[in-house]
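Look at the two complexes coming up: chain A is in both, with chain B in one and chain C in the other.
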Partner chain A sequence: MAERPEDLNLPNAVITRIIKEALPDGVNVSKEARRAISQAASVFVLYATSCANNFAMKAKRKTLNAGDVLAAMEEMEFERFLEPLKEALEVYKKGQKGKKEVSEQKRKDKEKKSDLESDKTREEEEEEEERMEEEPDAENEVEEEEVEN
Partner chain B sequence: MPGQKKRYNVRFPPTRIKKIMQKNTEVGRMAMAVPVIISRVLEMFLKTLLTKTCLITQSKFSTVVSLAHMKQCIESEKLFHFLKDLVEKGTSTGTQTDNKAMSIWPLYRMTHHDVSAKKSSEVGETAPRLSLDSVDNDSSSSESELYICL
Partner chain C sequence: MKMSQNTSDKDDQSPSNKKNISLPISRVRLIMKSSPDVSSINQDALFLTTKATELFVQHLAVSSFNNGSGKETNSLSYSDLANTAEETETFHFLTDILPKKILARDYLKSLEQMQEEEADY
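What follows is the complex of A and B.
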């Protein structure tokens, strides 16, 4: 892969936003400190990844899952984060489930529609279904395969 | 999508997070939820770091959070000790941002070696440690390049 320095850093806009929300009004951050914060973010991700990966490997899994990340947080002594994280995870799973229901509902509606219409319409639907992203149940923890490197 | 809560702009892009995570060659696939919760925990972590650093800033009657305050915060809290190296090297020139983040964490195995991109900014320092792109390291130009060799 070619060099991609920007990929190692997280977007400045988000970092800036977080800084703004964390600090009281009137307090600013020096350029150097800002840079250090951005780097700290990357280092944190790497550290957490390393820890989480250890848990996955222990369980003989090749796919990192949310549980590994939670275990990593405990390992890193960030227990304070566990509760909010679990909540965030629930919200995410519900969101995924909601998406799935929406797409299933859409599909049902279309099926009904096709009963009333001709075969030509049916062909068009099938194309749409193929294009539609299937959001699987969050419980199954879909794995992303990315053949990078 | 309808019903999605957009929490301002404090969410990190999942693809970017995943790319960073995959710098660790031992990491392969991950569940879709992982970058999502990493984003959330990252936000919490940064806020914790900033809040604590700010206390130091205020104790020094300053309104600008400086690198020195961060350094002090990191050293004083065990929780942040994994960042120690980052601020140790943090006082070099401001350009080696990316290299620094990647080079200080020795635990993960990366696709490239430990690129310690300390340049001529360090007076009296010996040549940089093992680096793949040593040819380019001599330049004192402002942009340092991180070559990820696969």
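What follows is the complex of A and C.
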């Protein structure tokens, strides 16, 4: 859970970089405008989540999936995002698969060596994983999570 | 506010390129989870929402710049964003957090007018 209100902000440096990359070179974006876009992005996440959650609830599912998010984009009239999103998801899935095969072996070796160590890092990775456990394929995701970080 | 910026800036830089997203997935998940009805989110949905948020930021910035007054001066200002929120259908949901700015002088004037109209009755 978010404990401080600023936990619901997205990192300004990253937002600024995305804006800069989208606009022609040399455009000056005022500080106020950057902050407004960042807040808009947070609201966008909440709005998209709520739409996607409606689709999941209609289907009597507890877990939001990719289809729900794509359906939400359509409902929000951001159809223009659908194609790039699908493409990005493909690339992402391929990447995950590749990583998984490599890391599978590494992980097995590691597990033998350092049960203690991995326990420590796992604690640091917060309760995020705990929440994941509610999902049917939680085990896979926990793995992926570790690979990413 | 400042502290959270500093800490999150650091760990966002490196993993971004590999995954072809720049925003931190963990932060996006936190925002999604702050919605009370949401119980769990699978990894793909999380990835898509993060990616969609990036597309949204680009889209909002570009639309506002193109519709805005800053094309000659090469700048993007708050009022460009507020105008876009008001004028563009898909950005309507932003009007609450991107209110149009109005000068106190003008506000007082319109308040006076309203009172006069009431007095006329």
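The rule we apply is simple: the second predicted complex is superposed on the first by the 100 of 149 C-alpha atoms of A that agree within 3 Å, B and C clash if a C-alpha of one lies under 4 Å from a C-alpha of the other, contacts with A are read in each partner's own complex, and residues count from 1 in each chain.
As a convention for this text, contacts are C-beta pairs under 8 Å (C-beta built on N, C-alpha and C of every residue); 3 or more make two chains touch, one makes a residue touch a chain.
Everything quoted here is computed from the prediction, not taken from an experiment.
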Putting chain B and chain C on the same copy of chain A, do they fit or clash?
clash
Now for A:12: first (chain B), second (chain C), both, or neither, which partner does it touch?
second
For A:26, is the partner it touches chain B (first), chain C (second), both, or none of the two (neither)?
both
So, does A:98 touch the first partner chain B, the second partner chain C, both, or neither?
first
According to the stated criteria, A:84 is in contact with first (chain B), second (chain C), both, or neither; which is it?
both
Chain A positions touched by chain B in one structure and by chain C in the second:
1, 4, 7-11, 13-15, 17-19, 21-24, 26-30, 32-33, 36-37, 39-50, 52-53, 57, 62-66, 68-70, 73, 76-78, 81, 84-85, 88-89, 91-93, 95-96, 141, 144-145, 148-149
Please output the residues of chain C touching chain A within their complex, sorted ascending.
1, 4-5, 8-9, 12, 15-16, 18-35, 37-45, 47-49, 51-62, 64-65, 70, 73-78, 80-82, 85, 89-90, 93-94, 97-98
Listed in rising order, chain A residues that touch chain C in their complex are 1-2, 4, 6-15, 17-19, 21-24, 26-30, 32-33, 36-37, 39-50, 52-53, 57, 62-66, 68-70, 73, 76-78, 80-81, 84-85, 88-89, 91-93, 95-96, 128, 131-132, 134-135, 137, 141, 144-145, 148-149
Chain B partner contacts - residues on chain A that touch it in the complex:
1, 3-5, 7-11, 13-15, 17-19, 21-24, 26-33, 35-50, 52-53, 57, 62-66, 68-70, 73, 76-78, 81, 84-85, 88-89, 91-93, 95-96, 98-99, 102, 138, 141-146, 148-149
How about chain B: which of its residues touch chain A in the complex?
1-5, 8-13, 16-34, 36-38, 40-47, 49-51, 53-54, 57-58, 63-67, 69-70, 78-79, 82-83, 86-87, 90, 94, 97-98, 100-102, 104-105, 107-108, 111, 145-148, 150
